[in-house]
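In the two assemblies presented below, subunit A is common to both, partnered first by subunit B and then by subunit C.
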Partner chain A sequence: MAQIIIQTINGLVNGMVLAMVASGLTLIFGIMDIVNFAHGDLLMLGAFVGATVLTVTGNFWLALLAAAIVIAALGVLLQVTTLRPLIGRDPLTTILATFGVSLVLQKYALWQWGPSVRQISEPVPGHFTLFYLEYPWYRVATALLAGLIIGALWLFLKYGKYGIWIRATTQDRVMAQAMGIPVPLVHTAVFAIGSAMAAASGVLFGPFGGVTQTMGFDFTLRAFIVVVVGGMGNLGGSILASIFVSLLEAYAALVVSPAQAVIASFVVLVLTMLFRPTGLFVPTPK
Partner chain B sequence: MTGRWQDESWARSMWWSGKTTRRKFLALSSTAASALGTAMLVPAPWREAFGQARPYKIGTLQPLSGTAAAGGKTALVGVQMAVERANATGGINGRPVELIVADYESKPDVGRRKAEKLVVEDKIDAHVGGYLSNVCLACMPVYEEHRLVNMVGVCLDTTITTSKCSRYTFRPFDYAPAQAVAVSPYLVGKMGKKWHIAYLDYAWGQSTRDAYIEQIKKNGGDVVGTTGIPLGTADMAPFVSRISGSFDGLFGIFFGANAVSFTSAVFDLGLTKKYRYAGDGAIAESTHLPALGQKIEGFIGINRYVPVLDPPLNTPHHRKFFDQAVAALKKIDPSGPLPDRYVQSNFEATNFLKLGIKKSGFRGREDTMKLIEALEGMEVKEGDDFPQGDKMLRKEDHQAFIREFIFTIQGNKHKIVEVIPREQTIVPPACKFV
Partner chain C sequence: MTTAPAARRTPSAVGYRIGLTVVLALLALAPLVLPPFWQRFVTEILIWGLLAMSSDILIGYTGMVSFGHSAFFGLGMYGAAAALLTVKPPDLWLAGLYGLVGAGVVAAFVAYFATRLRDIYFAISTLVFSQIFYVIIFTWTEVTGGENGLTFSQPRLSLLGLGSDRFTPVTLHWFVLAVVTLSYLLIRRILQSPFGKVLESIRENEARTRAIGYHIERYKIVAVMLSGLCAGLAGVLYAIQNKFAAPDFVFFTVSGEVVIFNVMGGMGTLVGPFAGAAFFLLLREGLSRFLTEYYLIPLGMIFVAIVIFLPQGLLGFLRRRLNQ
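Here is the complex of A and B:
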C-alpha cells in the first residue's frame, strides 16, 4: 500500500511537470504544424537563465519569471528567423530545422555556462513523512504550481481575446485571416508562449537534479509520447496523457524494475498509433 | 530612400529576402569556404618551432556533445595540457605532436565511425582518450584491426582489460576491481556490514556493481539489494523511492549529471539520514559540488584523484599540474572548477604515450609493436608527467595499478580520509590476448 501511494505521488508530480512541457509543444504543433525538436533545449536554456538570475538575485520567483520572459523572447527570434520562412513546407524541413536549432542551443549552453552542473535551490523548504521516506514539500509544490500555470493558460485560451484568436487560428487559419486576425503574429505569440512554458518547466524542475545542457533530452522524448497519445495539437489531451503515462510508469515500477517500467509508455504510444491515431483523449471523429 | 536597410539596392543582393537563389547560395558558400580555407592555411603554432619535422599524429575521441559532453570537455583539457607541454619542451624525439580531436556525441555508433575516420582518413599514429565505456568497447576492434596503440583516458568498464582485453589497448589508471579491493575493507569495517548498491544501468555501472558485490562479500559484508537506473534519467526519485529495507549503507555508482540527479534524490527523500552514503568518486567530482551544496556533505568516496593540495598530494609536481589545470578549465568553464579525475587520467595517459614513443624510438604506425613492447610493464615515478603518483602498466593485461584515495566531503570540499597504496589495490590479471 505504501508503495502504491508513494508511486502515485511520484507519478502525479512527474506528470504535472511533463504536462507543462507538453502543453507548450502541443500548442505549437496545433497552430503551426511544427514538430519542435528544440523544445527540450528551450527548457534547458530556461533552467540555465533561471540558475543565473537566482545566483545574482537570490530570488527563485524572479528567476522563474525572468527565465520565462528571456526564453519567450528567444522563441520570438527563433520563430521569425528560422521557422516562419518554413511554414507550409514539407514537415521534414521543419523537423530538420528544429533539430539543428536543438544542437546549436546545446552547444551554446556548453560554451556559455561550461560543463559544471548548476544549482537551483528549492524555494519551498521542508519535508513531510511519507511512510519510510521524507518527502520534500517542494515536489508537491511543483505539481501544484504546474497545475496553476496550466490552468491559467487554459483560462487564457478559453476566455481571453487573444486566446480566442489562437483557438480560431488553430481551427482554421485561412478563415481566421479572413476575419482579420493577424495570423503570423499569432504564430509568433504562440511560439513565445510555448517557449516560456518550457523555460518555466526547466526552472521548476531544476532543483530535482541540477541544471545541465542535456537535461531537456529526456523531456523532449517523453513530451512527444504524451503529445501523440493525447492527440497532436490537443492541449487538454496532452495534459491528461501526461498524467496518465506518468502514473502508468509509476505503477508499472511496482511490478517490474523502474527501468523496464518506461517501456509501458512506449507500448501505449504504439497502441495509440495503431488503434486510435488521433489520440486517446479526443472525441472519435464522426 | 527606403525605410528599411534591407530594401536598399546594395543590400538586396545579400540579404535574404524570402527566396534562396542559386546565385546567393553559391556566393555565400564560396565566401564561407574562402574564410575557412584562409584559416586553415595559417600554420599551427608548433609548426614554426619544428621546421619540416613530421609531426606525430595523435587522435583523441571525446564526447564533446550529448549526455557525456561535460566530462568529455574536461577530459579533452587533460590531453591538450599534455600535448601543449610536450610541444613546448621540444616535442617527442624532436618531432612535434599534432592532436586531432573528434567528437563522438556520446553515441557508440558515432564513436565507431569517428574512430574509423581517425585511423583511415586522418592516419593517426596512436589514439588517446575515450570516455564512455560502451564507446571504448565499440572502438577497440578498430584500433586492433588497424594495429595502432589505444591509450584509454577515462573508460572504467572492467572488461576492457579482462574478458575483452586487447594487445593494442592500455588503461593507465585504475578500474573497478582495484577500487573495490581498496575501499571495501573501509566500507565493511567502518561504515556497515549490509549494503544496497545503486548503479547506472550500462556497461561501466554493471561491471562496477559486480566488482563491489564480490569485494564487500569477501570482506565479510553483504549486498542486500541493487537498483539499476538508466543513463540520462532526469528525475531519479521514482527509482530512489523504492530503495528501502534494513541495511547500513547505500553505495552509488554514477557520474556526471546522473550523479547530481541521484544524490539530489537520495538527499531529498531522506535516505542520506537513514543510511550512510558512499560511492564511486565520480559522484563527487569538483564540477558537481556547487550544484550539490549541502546534499553531498559527509559522502564517502573512492577516487584515483582528488583536487586537494594536502599530503600526499602536496608535491611541487601536483601543484604545477593543479595550477595549470585550473587555468585551462577556467577557459572552458567560467565558474572555474578544480581539476577532476578526467583531466588527470587523460593528462597522464598522454604522457605514458609520450614516454613509450621515446623509449621505443617509434616512428609511425609501422612501429606499433615496438611501442606496445615499450609500454608493457612500464613503471613510472611521481613527477611532472605523473603528478598523481607512481604507476605500473601490467604486461599481462595492460592495466595500471595506482594509489587510491578514500575521501569525504566537508564544507563542499574534498578531504582525504585514507590513502591506499597501489600494492593494496592489485587484483590478479584476467586477460588472454588473442
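Here is the complex of A and C:
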C-alpha cells in the first residue's frame, strides 16, 4: 500500500514534467504539422545550458530562465533555417529534417560538454517523511511549478492577444493570414515557445536523474507517445495523457524492472492508435 | 507516332542492363584488388545497402516511412545467432532460415498493427515497436545475452552438393554480392508486377486506390512483410560477417541510419539506398578520421541540406531509368 502511494506521487511528478515537454511538442505540431524529432534534444541542450549557468552563477532560477531564453533563440534559428523552407511539403519531410537536426544537436552536446553525467543540485532543500522514505520537497515543487507554467501557457493561449493569433493560425492558416496575422512570424514564435518549454523542463528534470547527452531520445519518444495518446495537437489531452502514462509506468515498475516498465506506455500507445486514433481524452468525433 | 515510346524505351533498357553488368562486375572484382580493410568495407556497404533497399520498398514505393527497421535487422541477426549456437555443426543455410523466420514473425506482428495507421502515425508506431523489441532483447539476459549480445563461430560456406569450405574475405564478399544481387532482382521484379504498381498507387493516392476497389490494408501488410524479410536477410548476412549479435543493432540508431541512406541515395529507386549507404559510410570513414565520433555533426548538416535542397537524393535523377 505504501509503495502504491509512493509510486502514485512519483508518477504524478514525472507526469507533470512530461506534460511540459509534450505541451511544447503538441503546440508545434498543432500549428505547423511538424513532428519535431529534435524536441528531446532541445530539452537536453537546455538542461546543459542550465547546468553551466548554475555552476557559474549558483542561482537555479537564473539558470532556468537563461536556458529557456538561449534555447528559444536556438529554436528561432532552427525554424528559420531548416523548417521554413519545408512549409507546404509533405509533413514526413519535417520528421526527416528534424531527425537530422537531432543528430547534430546530440553530437554537439557531446563535443561541448563531454560524455559524463552533469548533476544539477536541488534548489529547494529539505525532505518530508513519506512512510519509510525521505521524500524531497523539490519533486513536489517541480510538479507545482510545471503546473504553473502550463497554466500560464494556457491562459496566454486563451486570453493573450498573441495567444489568440496562435490559436487562429492553428485553426485555419489561410484565413488567419487573410485577417492580417503574420503567419510566418507566428510559426517562428510558436517554435521558440515550444523550445523554451522543452529547455525549462530539462532544467527542472535535471536534479532527478542528472544530465547526459543521450537523454534527449528518451524524452522525444515519451513525448511522441503522450502526444499521440492525448490526441495530436490537443493541449489538454496531452497533459492528461502525460499523467496517465507516467502513473501507469510507475505502477508497472512495482511489478517489473523500470527498464521493462516502459513497455506499458508502448502498449497504451499502440492500443490508442488502433482503437481511438484521435486520442484517448477527446470526445469521439462525429 | 505510336511506336515512338517503345522505340525510346529500348535503348535505355539496354543502357540499364549494361550499367548493371558493369557495376556488378566491378563489385565482383573489387575484393581481388582492394586491401583487406576496403574489402571488408565494400562487403559492409552491400549489407547496409540491402537493409536500406528493404526500407525503400516502404518509403519509396508505398509512401510509408518506417523508423523501425532495426527490429527486423536485429531479429535477423539474433535468429542467425540462434541457429549457429544451438545446431551443431553450424550451418549457413539454417542460419539464414532461422533469421528469416525471426524477422518474418516480427514483421507480421508489426505489419498487422502498424499498417492500419498512416503517415506520421505509421512512422511513430514502427519506432515504438522496434523499441519494444529492443527493450525485450536488452533485458532478457538469459536468452539474448543482454547488453553483451551473443558471439558465435562463422559457419562454413556450403553450396548444396558442392562440398564446403571456410569463408575467406573474398568468398564472403562474393557470397554477399550474390545474395544481394538476387534480392535486388527479385524485389525489382516484384515491384514491376501489378502488385508493385498497386503499391505505387497507394503512395500517390491512397483514398483513390481504395475507391477503385483494392484492399489496401492487405497490400500494405504484404509490403511490410516483404520489407521485413529483406531486412532480416541483411541482418543474417551481417551476423555471418561479424560473428556476433548485439542489442545495439536493434536500437533506433540503425533505423535512423537506414532512413538517412534512403534520403541521401534517392527514395524509390532501389539502387539509390546502396548509393546512399556508400556515400554515408565513406563520409563517415573520412570524417571520423579527424573528427572521431563528432562526424555526425557535419553529416547531419549534409543530411538536412539534402532533405531541403535535393529531396530526390543523389540518384533521383535516374529514377525513371532505374524503374523501367
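Heads up, the rule we're going with is that the second predicted complex is superposed on the first by the 279 of 286 C-alpha atoms of A that agree within 3 Å, B and C clash if a C-alpha of one lies under 4 Å from a C-alpha of the other, contacts with A are read in each partner's own complex, and residues count from 1 in each chain.
Basically, contacts are C-beta pairs under 8 Å (C-beta built on N, C-alpha and C of every residue); 3 or more make two chains touch, one makes a residue touch a chain.
Please read these numbers as outputs of a predicted model, since none were measured by experiment.
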{"item": "Residue contacts with subunit A in the superposition, subunit B compared against subunit C", "value": "B"}
{"item": "Partner chain in contact with A:96 - subunit B first, subunit C second, else both or neither", "value": "second"}
{"item": "First, second, both or neither for A:52, with subunit B first and subunit C second", "value": "neither"}
{"item": "Contacts of A:262 with subunit B and subunit C, given as first, second, both or neither", "value": "both"}
{"item": "Touched partner set for A:85, first subunit B, second subunit C, both or neither", "value": "both"}
{"item": "Touched partner set for A:253, first subunit B, second subunit C, both or neither", "value": "first"}
{"item": "Which superposed partner A:217 touches (first subunit B, second subunit C, both, neither)", "value": "both"}
{"item": "Subunit B versus subunit C as contact partner of A:104, first or second or both or neither", "value": "second"}
{"item": "Touching both subunit B and subunit C, residues of subunit A", "value": "85, 103, 106-107, 110, 217, 257, 259, 262"}
{"item": "Touch list for subunit B against partner subunit A, complex", "value": "18, 65-67, 69-71, 73-74, 201, 227-230, 232-239, 241-242, 244, 256-257, 260-261, 264-265, 268-271, 273, 287-288, 290-293, 332-335, 337"}
{"item": "Subunit C-facing residues of subunit A, complex", "value": "35, 82, 85-86, 89, 91-93, 95-97, 99-101, 103-104, 106-108, 110-111, 217, 221, 224-225, 228, 257, 259-260, 262-263, 266, 269-270, 273-274, 277"}
{"item": "Subunit C to subunit A touching residues, read off their complex", "value": "65, 113, 116-117, 119-121, 123-125, 127-129, 131-132, 135-136, 138-139, 252, 256, 259-260, 263, 293-294, 296-297, 299-301, 303-304, 307-308, 311"}
{"item": "Complex interface listing, subunit A residues touching subunit B", "value": "3, 6-7, 10-11, 13-14, 85, 103, 106-107, 110, 113-119, 121, 127, 132-136, 138-139, 205, 207-215, 217-219, 249-250, 253, 257-259, 261-262"}
